[in-house]
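In what follows, a structure is listed as structure tokens, so that the remarks can point back to it.
Order as written gives the chain letters A, B and C; numbering starts at 1 within each chain.
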């Protein structure tokens, strides 16, 4: 009886298009328009050009690709880029954690200014950062001269200079991922630990730090990913010696300037693949940690 | 308020010595890596006095670079603004298959090196690129011209507005829009009168960051620019040329304008966070 | 008939939220949709408003098929559970919204809009709050703004989703009485959703009890409370003693024969009996089958727990009556049941 009644009733129109198969019905309008625009724009601006990269690299053929990538110069550029990015991300993990701790837990004069300043590397154009850092760390610069006089250490135009630039541009990531988690950490857990007889250090290392570790790893991964691709702030301070202080992005630019489009595409593809692979590992690590600490 | 009090609670506070050491370490690190580089820009720019500083800024190539930077940002930012609104509308207000993939793809440009962001357009539109020869036969030039600069800038600033708005709109839900529709508003009326006022500060926040990056981008535009003085040189590229010509004062003078822009951005960002922190909370992950 | 629901079915994925629901809402009445969470009551309300699509069935608003209509075309007022007030608009602008978004030809002049909004503000007793923002109001005030906003478009039907759900107990009671009075004054056909039985019984002209996407019973508050149509309604409305029994020739026996209840004779064999605590009578009897195990006094009432050969029952009476009976824990007593309902065990 019910079935008979429902056959001659008016059913709601849920768009009546292919879209309704993909999407739960909703009364809010504009889905087709906005999704259509989003996909078109995404396709034209991002996906199509990225496809051009793989097409160009694929055009070299399997052996041609490896011939372009497995040269000593390219390999050492990869070593320089990834190695120094890891080092810079590690430095940022340590000091970024301390900065986040200080900003969340302590109040001191100028607190708010310091907090705002942490984002400077996001806002300052990389070329400006690059020339400022190289002026600062050059043998006649403010810091470079001190390091030279005291330790005989040359920073600018060496791999150390690259690490400094990469530390600069990755600085906000760790601070900004750890900060909100630390802010939201319930004080009860620390109070419970203290009331159970834990020392301050035990409370930190066994209660607080494990809770912050996933965020710290995220921040590390973001700083690392940013550093691997960085170009502007590095080239001024690097010295750009092939095999010693030449980074992968610079090598791509050099290949382009020599009209070696295929080589540039191959190195670029390789770089994307390696960074995605490393980020995948870091994401899995992070997912595993979250799962272990799931509340 | 709780967070403030927490630092002083006996059970969870750190000793005065630890506190002093931590603050000193943090401030020392930030001084070395942030304050000194920033200060050096202005010191180097004014090394030869205000006259030389001013001359470097009003020189025709510098003015052309400033104008080009403003032009590129004026095209790229609105494009990504419209995109950000459309993307966050369909992602935040609807449930559909493949949404997570879409969000990942929108974030993709952030994980691509700026140099590669430029490279892909050269490979597509360049003289030896996939459709470059065809475009040339039609008399259209994209690479080593303004369209290329705009495209590369759009690519690197692609996710900024969308990723601010998506969490904000997700948090605000759909109830107010539903209320408006029941009260008789049309789709556009609902958007203009209900949704837009609710997201305006988040929108401004995204535009601010998008604009800062658009005006300051170096790697991507460097690859597609061709470095033609007075024509395809944006401010950051002009800084590079001057620096490579050992014209340090001029380089730092132009750089100081960009540094000022960064400072203004930071202040505006801090003001937005301070004034509308609660409304923006969702966007700060 | 203000609203005619027939055969409305709604699925969320594999979950059946509404299973071919039929319902009539009479003109001018205040109807409660009562049920636990997941019973489908809010879904039904949202389908009436056009905020949710039905998979099958028909919905008529004042005789006109409405399922194909958009929410804006239905002329229903909807009060959201969390009010959904426009946070960036003042109270005045919130209420005026529905009038201001009308197509140009049908829109009132701004003086007329102002007059109507002020009239509504008077009605909900918020005339002094016109320039405030929602964030500056208390929960009860926001609720009244939401109501005024829904009434502004002169809806044919007013739909309210858990209208008092987000309020604290005292405000909830006050607002309940006020809403009842308001409804008596303006008589707009109203349907509200609630999971609070007291709210439904006190406020509504008729109550619709829902469970698992189906309507269990429709009736006046007294009907559904006194004559529950199903075991579910019995358990959901008010306190009840529930115990296994066996029915033979119209007599239900429980607790190893210590308890016999006369039934209407429709059920035979293993069954479940339902007895309200205030339908359970006790009388002190030396060597009686029951033993008072505890007495709890709550305000003017007393709750007495009786152990009847291992079956624990709760009786309720006023304290005065308890004083007359003179029962205290440990005493023996006889148990008699004034009214019970027996349902066959499934």
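Simple rule for what comes next: a residue touches a chain if its C-beta (ideal position, glycine included) is under 8 Å from a C-beta of that chain, and two chains touch if they have at least 3 such contacts.
Everything numeric here is computed off the predicted structure, so don't read it as measured data.
Enquirer: Enter the minimum step count from subunit B to subunit C; a value of 1 means the two chains touch.
Expert: 1
Enquirer: As a test of whether you follow the contact definition, which chain pair has the most C-beta contact pairs?
Expert: Comparing chain pairs, contacts are most numerous for A-B.
Enquirer: Rounded to a whole Å, what is the gap between the Cα centroids of subunit A and subunit C?
Expert: Result: the chain centres lie 53 Å from each other.
Enquirer: Centre to centre, by mean C-alpha position, how many angstrom separate subunit A and subunit B?
Expert: Computed from C-alpha means, the inter-chain centre distance equals 15 Å.
Enquirer: I need the residues of subunit C touching at least two other chains; which ones are they?
Expert: In subunit C, the residues touching two or more other chains are 50-51, 70-71.
Enquirer: What positions in subunit B touch 2 or more of the other chains?
Expert: Within subunit B, residues 178, 181 contact more than one other chain.
Enquirer: Hunt down the residues of subunit A that sit against at least two other chains at once, touch-wise.
Expert: Residues 27 of subunit A touch two or more partner chains.
Enquirer: Okay, in this complex, where on subunit B does subunit C touch?
Expert: Per the touch definition, subunit B meets subunit C at residues 175-176, 178-186, 189, 193-194, 197-198.
Enquirer: Over in the complex, which subunit A residues touch subunit B? Could you list them?
Expert: 19, 22-24, 26-31, 33-35, 37-39, 41-42, 45-50, 52-53, 55-56, 95, 98-99, 101-108, 112, 114-129, 131-133, 135-136, 141-143, 164, 167-168, 171, 177, 180, 183, 187, 190-191, 194-195, 200, 203, 225, 228-232, 236, 248-250, 252-253, 256, 259, 261, 264-265, 268, 271-272, 275-276, 279
Enquirer: Going by the contact rule set out above, which residues of subunit B touch subunit A in the complex?
Expert: Listed in rising order, the residues of subunit B that touch subunit A are 2-4, 6-7, 9, 11-12, 14-15, 18-19, 22-23, 25-27, 29-30, 32-38, 40-41, 44, 82-83, 85-87, 89-91, 93-98, 102, 105-106, 108-109, 111-116, 119-124, 126, 128-130, 151, 154-155, 158, 174, 177-178, 181, 187, 190-191, 209, 212-213, 215-219, 222-223, 235-237, 239-240, 243, 248, 251-252, 255, 258-259, 261-263, 265-267, 269-270, 274, 284-285.
Enquirer: In the complex formed with subunit C, which residues of subunit A make contact?
Expert: Those residues of subunit A that touch subunit C are 2, 5-6, 9-14, 25, 27.
Enquirer: Quick one: which bits of subunit C touch subunit A in the complex? Just the residue numbers, please.
Expert: 6-7, 9, 20, 50-54, 56-58, 65, 67-68, 70-71
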